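Right after this note come the structures.
The two complexes that follow have chain A in common; it is paired with chain B in the first and with chain C in the second.
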Partner chain A sequence: MSDQREAYQPPNSGSGRSYAGPSAASGTMHYLCAECGVKVGINKGEPIRCKECGHRILYKQRTKRMVQFEAR
Partner chain B sequence: MVSSTPSISFDTLKRENLFRNPPKDKSAFPALLAAVQPHIDSFNAVTVEGGLLDLARQDIGVKSVFNGKNQNENLGDKLSLRVDKIYIGKPRISDRDKTSLRREIYPAECRERHITYRGRLTVKIGLRINNGSWISQDREIGNIPVMVRSNRCNLENLSPYDLVEHKEESEELGGYFVVNGIEKIIRLLIVARRNYPMAILRSSFAGRGKSYTQFGVQIRSVRPDQTSQTNVLHYLSDGNVTFRFSWRKQEFLVPVMMVLKALVETNDREIFDRLLAVKDRENSFLTDRVELLLRTYKGYQLYTKKETLQHLGERFRIVMGVALDMTDMEVGREFLRKVVLVHLEDPKDKFRLMLFMIRKLYALVEGSCTQDNPDAIQHQEILLGGFLYGMIIKERVEEYLDQIIKEVRREVMRGMLIDFNNKEHRTKIFGKVNENLGSSLEYFMSTGNLSSPSGLDLQQVSGFTVVAEKINFYRFISHFRMVHRGSFFAQLKTTTVRKLLPESWGFLCPVHTPDGSPCGLLNHLTHKCRITTAISDTSSIRKTLVSLGVTSPATASLPSSATTCIQLDGCIIGWCSLKLARVVSDTLRYWKVEGTHGVPLDLEIGYVPESKGGQFPGVYLFSQQARMIRPVKYLPLDKEDQIGPFEQPYMSVAVTPSEISPGESTHVEFDPTNILSILANMTPFSDFNQSPRNMYQCQMSKQTMGTPGTALRYRSDNKMYRLQTGQTPVVRSPLYSEYGLDNFPNGTNAIVAVISYTGYDMDDAMILNKSAHERGFSHGTIYKTEKLGWADEKRRGGTDSKNLFGFVNTEDIEAQIDDIHEMDDSTDEAKIFKQRAYEKLGIKEEWLKTVDIDGLPKIGQLVRDGDAVAVYHEVPKESDAGSTRPRNKVFIYKGSEEAYIEEVRLLGTEGGDNKPMQQITIKYRVPRSPNIGDKFSSRHGQKGVCSQKWPAIDMPFTESGMQPDIIINPHAFPSRMTIGMFVESLAGKAGALHGIAQDSTPFRFDEENTAADYFGHQLKVAGYNYHGNEPMYSGITGEELHADIYIGVVYYQRLRHMVNDKYQVRTTGKISDLTHQPIKARDSVTLRYFAIL
Partner chain C sequence: MPSSDHVDPRRVVGVEAEIVTNVTSTDFPGHWPNEDHSWGIDKFKNTFRVEFHRNTPLFAEFDLIHMDASIANTFRRILLAEVPSLAIETVYVQTNTSIIQDEVLSHRLGLIPLVGDKKALINMQWFMKPASGDPPQDPTDDNTIVLHLSAACERIPGVSRSETDPHKLYTNASVYARDIVFDPAGKQVTTFANNPVRAANPNILIAKLRPGQEIDVTMHCVKGIGQDHAKFSPVATASYRLLPLIKILKPIRGKAAERFAACFPRGVVAFEADEETGEKRAVVGNARNDTVSREVLRHEEFKGCVELGRVRDHFIFQIESTGQFDADELFLSAVSVLKAKCTVLKRETHRMLKKQALDARSGSGNAGPKKGDRGWAAE
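Right after this comes the complex of A and B.
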């Protein structure tokens, strides 16, 4: 198992940014409100609330970064 | 119910349209909603304005307490308490929350946030001081779980379109509760039929005391609020009769004469006359016993009603827990109201029924009537979840009042002065009482355990609720149709309770019961069986009966000629001769079906004719809740009649029109398949199969990897199974479409060849075509949801969490990470240098491959065992600010398989506490393509394990070049006799060739018109062999096989048991000397134990 893992290299490691932070680099991540679908920026330590409707669940957005897997 | 024209066609466009545009008015599948209706209706009946809760609060009555120390007969001021109203609100977020725009909470949010879907419980308490006027006070006593889609749910009456808007299935059924994010349902439970005195022979009765015998008459009497009290009459060997009841789990015995004399002002002569009709008086067996009954009671020296009531009141004052200022007589009356035949209000009715019960007891002893079988469905009804829920609420509220009273007493005993007029004193008392009734109901829902002082007249204390698992839709829907006999019977060693009795015909499915320990105890309702949840209107029945010549007990006591008793819900409403009884019941039935004379259609008319040693004769009418009922056709009017299990054994119901025997049959079944449950109906051609195979199929369809629903996106179940390539079966019955099961496909149509080909198909193994596998045949997915965070710790009473999601030094990481990533790592030295840079930041390089800068995993990321999925750190303490930076820590993914991050949810809390994120859920997607060792099954109890994925080039092929997807061994058939599978194969092949769906309803073919001929003909028309055989060629040599091969289309299910979850291989560790096999942990413990011995 562990051998396998070491053998595997994520396709974009080593080539530039491998984490998909907000490229705006404001430090704020944007999430989707489960109720109204609006994009909500939440800073670290802030309570989980939709800024528009006050809903209590947020979804993390799918990354904009290219995701590629080895087709095996 | 005249079923709408059954359609077996695929209706692809209609279905597609329904799926794209959910209807904005009502569901397209009313049958599906009807399947869960008993659950919802029973809950609604409890909570509706003026519903059962209102009746319950009336039954609780007034409780009072005094503030004097009971010295010198001075009781002090009297405080009376009663409940004016019990109200359950709809689920809303708490008032402390100021930020949310929409105040309602919907079930989907509760599932996602792992909270309970609950509404506020409020009671309006009425207070009265001495003889003043009543004042009301509202008390909020917690939040109680609310049934989804009930009248207390925000989804009530929503159209499919709106349901989809609220993140539900378009066909969301409701009928369950959401407790801590888990869907729970209250099981339907079989209990004794209400308000019917049952003659019982039980050897344990004899052990009750000296001179007790095995004879007894038992009645489960049910109050209008659906709570019940069981009364038993015991026969003593000398001919005496004792009345037994249990109160707060304690048993009490009272001479029956005492009860009789307390009920009405009567004398021995009257009792004798009313007990024995003229005919009976020549029977010295009866007269002797009645005489003895009357004579022995003389010993008590209680003659009048007043004396008897006082005697009873004195004895039961403490037990009943009544107010201090009640007289003995009042206590006696309260005793009769609360304990004796509680379904009746009028003491005269109670008196009459008590006499009837004594008469039946004597008849049982004499042998002129037989015992009633408590295991037969004839003497059973269903305890509905909603009603049970109402019973618990009632008891909790009553307990709440008792607690207030107890609190006052305790304070008074302690010497505190309590002034009821003082508002502060009152609030103080209320403050000391536990006012959180909601939590006890939540406890009940989540554990299924009943903690009750009275036991609610039930035989069990646990196992009332089960998780409504959504493994696939079949399993989910079955939960609502499931009836359990009671966990008490599961421990019984005898098999009598588990037997399938002919009485169950049409009410409980004979096929759909699990094998193994719950066999026969866990049954399923037939798909046409309905459970009544409201009383039908019987207001004009008495008048109607009198017009038929029945003697009313209101005008005359037991008439000398009359021998047959007519009862309506356990109340004697008339007497008539035997001859007339038959006429009465026949006429009533005619009118009932006709809908005239005020006889409701769902009235049960149980006419028990006179017999030699059979059931005690009489006409028993039932109109109340909790009865099973089913539609059959009434022949005289050619209209639908609704019949119940009590009357059915005395009726002649033909199964098919050809079976009708003139002059005898009164009814005919609408369809022979009405005896099957929803799932059993989905087995194609089940009448061709050996019966246990159909049972196996019912079990296996519930373990299939299918489609649990379409709103999977909004669910976060621990584990969910999903079939990627579900299809609608080519071979299905019209019910498949009626129940809308196309929304939840459960398998795949596979080309199946029955051939022994490779040797890899021995012993129920099957061979999968590798190319079929590669095209996605039976590809499945498992969704696993993991909760991460510290919210649970807090709930368990811990302190506020000291952890936070994310990196402790986000800014530093953001600023430096790109540079560090691009650092040179070509040499060992550079690698170490790079490593150091990461360490300096307090992170590891590999974390950032799976985790974003916010500390949460990336959506769509592949994770393996040990990969980081979330980063957190401790909150720096304010006291030692600036000293050391807390370390970054990670949650890791644990699992032997690769998984993809499907969804990440950030869960907030209610209330305006402004706390940072403490909980997230991660949904992983684990792809599961069919593997060697995975379990598959056809719909005929023919399960098998995939033994090889055989390359397509080596698979046998037909003359048209067709290759099978699946090869099974012919040896699977002779012993199992699942001919239905052959017929399905034939029908599926013909259906696929002609592009039509095939009707697979059982009981449609017979010896003259055989299924083989019908489908064989279709095959012939399509240019294929009439028998479904085809010449095939070996894929390896290309030679024609010596025998023609049976090949066709069979719908295959992929079962959820997969090797990936099961295999446990160990290469190191202890092995047994004898067998060279690894020793299990438990075995090694046992070995050590033996060594000590």
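Right after this comes the complex of A and C.
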């Protein structure tokens, strides 16, 4: 076994957007409340919780990216 | 309309209680001795007849008389599968948060019959789908129609709390085919100016929405044929049936005449005053409306009184259009499709015969089939 293990490298934010994170401009992600359906804006570090009803289950919104289908 | 008594028995398919007789046509050369049944265009022109019974844009009923079943069936099949029409082919979903999945929504959109300027539609070119691996072809104003559909559902403010009708509570509670908008490109602005592309029936329900849900799609329509997908078929249905024939052999009078008439759809049997007794007597009224249910053959009292049949070369053709073209125009399109196919067949036959003749000449002295030229039979 090699004695030198590769050190864990935390993903450095800023270089290469490999995940759909919050946009750099606002830093706020919008989710939909599973209970009341309201749109909830959540900033980094904030609890996952609906601001209207306090429900703790939030849905990710559908992608805004275009999807192509055959009408068949 | 042929009177029931004067139809050549060779043209009649017998419909009996448990058997259908005289099914195949016999008017071909060599079947009847000393009779000429060779096909000729002049003979066909003299005997063939077309009679229109109903002709509306969406429905046509006409009779093709003295035509072979194979040709009538060819027209039916061409109408179903080979007369081109415009339909939605590609759906670009920007957003769809309705409960209808993207794939199902796309399929539903594809099946919506479209109408628009007929001349501009006929002049449209084919959009050739590139083979897999090839670069995608750019759609042009020649071959593609662009449509948009966008609808978002929201609560309408100030509606009574007791209201239960979703259409009064929300905007766009139902998305209909009339919400589809045409986006003309290039020359389509002028060619479709008077008659834009739209759904044939504005009231087709596409999806139902509830507050917060939204549909925003762009659609590309192309010309295609029913062989590729049923959505391209220009007919709701195209079918034919043979003219029913009812032959009354013995007079049926009085109460029996009424019971006789009850065996047929309304109007098929009429009544006349009998010359001898003055009673009413059953006669054939409109045999065309008969369904040939054979109900009359189940009754003991009418045994030997009536013969049922159909006229083998009298086709009652019915075409129902989806709206893009008129029903009678569709039949003419089917005829021109058949003509085009015959031209191709004729040309290719000539080419084949020419090649055979050239091959025979170059290989003269070796008239028989060459060795190894006999396919699987040689092995």
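The definition used in the following text is that the second predicted complex is superposed on the first by the 41 of 72 C-alpha atoms of A that agree within 3 Å, B and C clash if a C-alpha of one lies under 4 Å from a C-alpha of the other, contacts with A are read in each partner's own complex, and residues count from 1 in each chain.
Heads up, the rule we're going with is that a contact is a pair of C-beta atoms (placed from the backbone, for glycine too) under 8 Å apart; a residue touches a chain by one contact, two chains touch by 3 or more.
Since this is a predicted model, take the numbers as computed values, not measurements.
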item	value
Which of chain B and chain C A:Gly37 touches, first, second, both or neither	second
Which of chain B and chain C A:Phe69 touches, first, second, both or neither	both
Which superposed partner A:Met29 touches (first chain B, second chain C, both, neither)	first
Chain C versus chain B, contacts on chain A by residue	B
Common ground on chain A, meaning residues reached by chain C in one complex and by chain B in the other	62, 67, 69
Residues on chain C engaged by chain A in the complex (per definition of touch)	87-97, 102-103, 106-107, 109-111, 211-212, 219, 229, 231
Interface residues, chain A side, partner chain B - complex	1, 5, 8, 10, 13-14, 16-22, 25, 27, 29, 31, 34-35, 42, 44-49, 52-63, 65, 67, 69
Touch list for chain A against partner chain C, complex	32, 37, 62, 64, 66-72
Residues of chain B that touch chain A when the two form their complex	97, 99-102, 109, 112-113, 804, 806, 810-811, 814, 817-818, 821-822, 848-849, 851-854, 856, 858-862, 864-866, 896, 903-910, 913-917
